[in-house]
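Following this line, the structures themselves.
In what comes next, subunit A is part of two complexes: it sits with subunit B in the first one and with subunit C in the second one.
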Partner chain A sequence: MTVRAAQRSLAVTRAQLFYGLFLIATLNGFVGLAARSIEGAGWAAAAFDLFGISAILWAALAAGLKILGEDDGTAPLRRGDVAIALVLLLAALLPIPPASAVALTAASLWAALTAAPGSPLRRAAIVFLAITGAILWGRLLLAGLSRPLLDIDAVFVAGTLGVEHQGNMIWSADGANRIIVAPGCSSMQGMSLAIVFWATVNQLFRVGFGWKALSYCLAALAATVAINVLRMGAMLRWPEHQAEIHHGWGMHVAMWTTLAAVVAICLFGARREAFGPR
Partner chain B sequence: MRRLSAFASLTGLTFLVADPALAGLPTPGPLLAAGAPALAVFAAGYYLVRRRRRG
Partner chain C sequence: MKLSDRARLILAAALLVTLGAKLLWTRDAPAPDDALFVATAEETLRAQGFRTERIVRRFGTIVRGAREGCRLMVGDYPANGMFAEPLAAESRGIGATRFIWRGETSAQAPKPWPLLEFYLKRELGRLGFRPARRPILAVAANAACDAGAIDWTPLATLPR
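Then we have the complex of A and B:
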C-alpha cells in the first residue's frame, strides 16, 4: 500500500493521526501507574490523587493535544507514519506497562524530527517526548544509576547541614540519628516533572529555544532539588517530626512549594509570550 | 522493512529491560503529584491567562 493510498483509506491528516496515537500511548503509559494507585488507595482516593500521576503530566497531556488541535491539517502523511502507528498500536496491546511509553518515545521523536520547525505537530511531539522522560526514562535512569544519583542527593543534604554522609546514608551532627535517601525521595523524580512543565509552557506559548529559555529550565530544576534537599535536611534536623515531614504535612508543604516554584519560574520565563498580547 | 524490524527488535529489548527495572520504583514525582487540587489550579490559571491575552 502506498503512502497516498494509506492516507486516502485512513482519511486523516498527519496531525489527526498523531493526535490519536499520542492520546492512546500516553493513557496506556499512565495505566500501569494508575493500577498501582487504585490497588493501594481504592478508586475514590486514587481519583482524587489523579491516580498517582502528577497534575503536571495530565496538564501536559491536555496541552499537547490542544497544540495539535491548532494544526491546519495541510501536512500529508509521510512514508514512516503508518509504520510508527502500527508499532504504537501493537505496543498498546501488549500487557507490559512500559511498552506504550517506549512506543510514545519513538512516535514523538519521529514526529519531532519530521515535522516542520515551529509546527503544532513538532511542538506537541516535544511535549509528549518530555512526558516519556517522567513516566519512563527518568525512572529507568534512577533504577540503573540509583547509587550515584542518591549519593548526589546525600552530598547536597550533608553539605547543607554540615554533617557526615556515606553513600546515600546521612548522619545527624551528633551522630544519634541517620536517614537513608531512598529512590522515592530522589530529586530526580521532581526534576523530570519540572522538565515536563517547562517544555509544556514553552511549547504551548511558543517560546523560542535558546540559552535564555534553557536557563529558566535549569532554575526550575535547581528549585526542585533545593526544596527536596531542605525537606530531607529537616528530617535529620528534627528527628522527632521525621514521620510528619516524610509523609505527612511536611510532604504536602514540600510538594506545593516545589509546584509553586516550578510554575512561577517557568511562567516567568515565558511571561512575554504567555501574558503579552497575541 | 529491515528498518522496521530493527526498530521493533530494539523496542522489544527495551520492554524487557524496562519492565523489571521499574518494578518497585515509585510513580513519577511524589513530590510534584499534588492531586486534583493542583490540576484545578492549572485549569483556572490557564483560563485566566487566556482571558488576559484576549483582553
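Then we have the complex of A and C:
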C-alpha cells in the first residue's frame, strides 16, 4: 500500500494519525500500573488515586493531545508512518503494557525526528517521549544502575544529617537505626516526573530550548531530590514515626510538596510564554 | 485539528479492544515467595547436617547454618541489587559474600541476565503463567567451611 493510498483509505492527516497512536499507546502503557492499583484497592479507590498514575502523567497526556489539536492538518502522511502505526497497534494488542511503552518511544522518536521544527506534532512527540521516560526507561535505568543511583540518594541523606552510610544503607547518628534506600524511595522516580512536567509546560507554551529553560529543569530536579532527601532524613531522625513518614502521611506530604514545587518552578520558568501577552 | 466521526469511532474501538483485553487479562505479577526460599534454605542446610537459625530483618529473612566449626549464611539476593549492603552487613563476622546463580559462583553479583529474566518472568506472571524462578543466592561462609562442598541445588530453582 502506498502512502497516498493509505492516506486516502484512512482519510487522516499525519497529526490525526499520531493523535490516535499516542493516545492508544499511552493509555496501554498506563494499564500495567492501573491494573495493579485496581487489583490492590478496587475500582473506586483506584479511580480516586488516579489509578496509581501520577497527576503529572495524566496532565502530560492531556497537554500532548491539546498540542496536537493545534495542528492545521496540512501535513500529509510520510513514508514510514503506516509502518509505525502498524507496529504500535500490534504492540498495543499484546497483553504486555511495557510493549506499548516501547512502541510509544519509537513512535514519538519517529514523529519528533520527522516533523517540522516547532510544529505541533514535534512538540507533542517530545511530551510523549518524556512520558515514556517516567513509565518505562527511568524504571529500567534505576533497576539496571540501582547501586550508583541509590547510593547517590544515600550520600545526600548522610551528608545532610552528618551520619554514616554504606552504599544505599544509612545509619542514624547513634547507630541504633538504619534505613535502606530502595528503588521505590529513590529520587529518580520523582525526577522522571519532574522532567515530564517541564517538557510538557515548555512544549505547551512554546518555550524555546536553551540554558535558561534548562536551568528551570535543573531547579525542578533539585527540588525533587531535596524534598525526597528530607523525607528519608526524617525517617532516620524520628524512627518512631518511620512507618508514617515512609508510606503514610509523610509520603503524601512529600508527594504533594514535590508536585507543588515542580509545578511552581516549571510554570515560573515559562511565565512569559504562559501568562504574558500573546 | 478535528477528528471525523469515522476516525473517532475507530479510535474508540481500538481503545476498547486494547485496554479491555489488558484489563481482563493482566494481573499483578505475584511477588517471589520469600517464605518458600527460607524454608528450602533451611531444609537444604539441615539435610547436610547444619543447625539452622532464621534471622528476620525488615528487608528479608536470612538463614544461618552451623556445623562443627563451619558457620555460614544464605539470603535471597534481588536481581536489582538493592539489598547488597544489608546482606554484606549481615555477613560481617562470617566471611565475604559470594553469589550463586545457575550453578556459577562469583564475587560480584550477576546483574544483566538475572534482571532480564526477572522482568520477562514478571510479564509472564501478569499473564497468568507461573514460571519457576532462579534466585540469586548470597552466601557467606567462614574459613572452616568447604563452601564448594555444600549442595545448593534445591535452591537453584524454586516454583515461585
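One rule holds in what follows: the second predicted complex is superposed on the first by the 278 of 278 C-alpha atoms of A that agree within 3 Å, B and C clash if a C-alpha of one lies under 4 Å from a C-alpha of the other, contacts with A are read in each partner's own complex, and residues count from 1 in each chain.
As a convention for this text, a residue touches a chain if its C-beta (ideal position, glycine included) is under 8 Å from a C-beta of that chain, and two chains touch if they have at least 3 such contacts.
Keep in mind that what you see is a predicted model, and the values were worked out from it rather than measured.
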item: First (subunit B), second (subunit C), both or neither touched by A:Glu39; value: second
item: First (subunit B), second (subunit C), both or neither touched by A:Asn28; value: second
item: Touching partner for A:Ala143 - first (subunit B), second (subunit C), both, neither; value: both
item: Touching partner for A:Gly73 - first (subunit B), second (subunit C), both, neither; value: second
item: First (subunit B), second (subunit C), both or neither touched by A:Thr114; value: neither
item: Partner chain(s) touched by A:Ser172 [first = subunit B, second = subunit C, both, neither]; value: neither
item: First, second, both or neither for A:Ala55, with subunit B first and subunit C second; value: first
item: Which of subunit B and subunit C A:Ala11 touches, first, second, both or neither; value: second
item: Subunit B or subunit C, by number of subunit A residues touched; value: B
item: Contacts of A:Pro97 with subunit B and subunit C, given as first, second, both or neither; value: both
item: Overlap of the subunit B and subunit C footprints on subunit A, listed as residue numbers; value: 36, 96-98, 142-144, 183
item: Subunit B - residues contacting subunit A, complex; value: 4, 7-8, 11, 14-15, 17-19, 21-22, 25-36, 38-39, 41-42, 45, 49, 52-55
item: In the complex with subunit A, residue positions of subunit C that touch it; value: 1-4, 6-7, 10-11, 14-15, 17-19, 21-23, 25-28, 58-59, 79-86, 88-89, 111-112, 115, 119, 123, 126-127
item: Sites on subunit A touched by subunit B in the complex; value: 33, 36-37, 47-50, 52-59, 83, 87, 91, 94, 96-99, 101-103, 106, 134-136, 138-140, 142-144, 183-184, 189-190, 192-194, 224, 227-228, 231, 251, 254-256, 258-259, 262-263, 274-278
item: Residues on subunit A engaged by subunit C in the complex (per definition of touch); value: 11-13, 15-16, 19-20, 23-24, 27-28, 31-32, 34-36, 38-40, 68-73, 89, 92-93, 95-98, 100, 120, 142-144, 146-147, 150, 166-169, 180-183
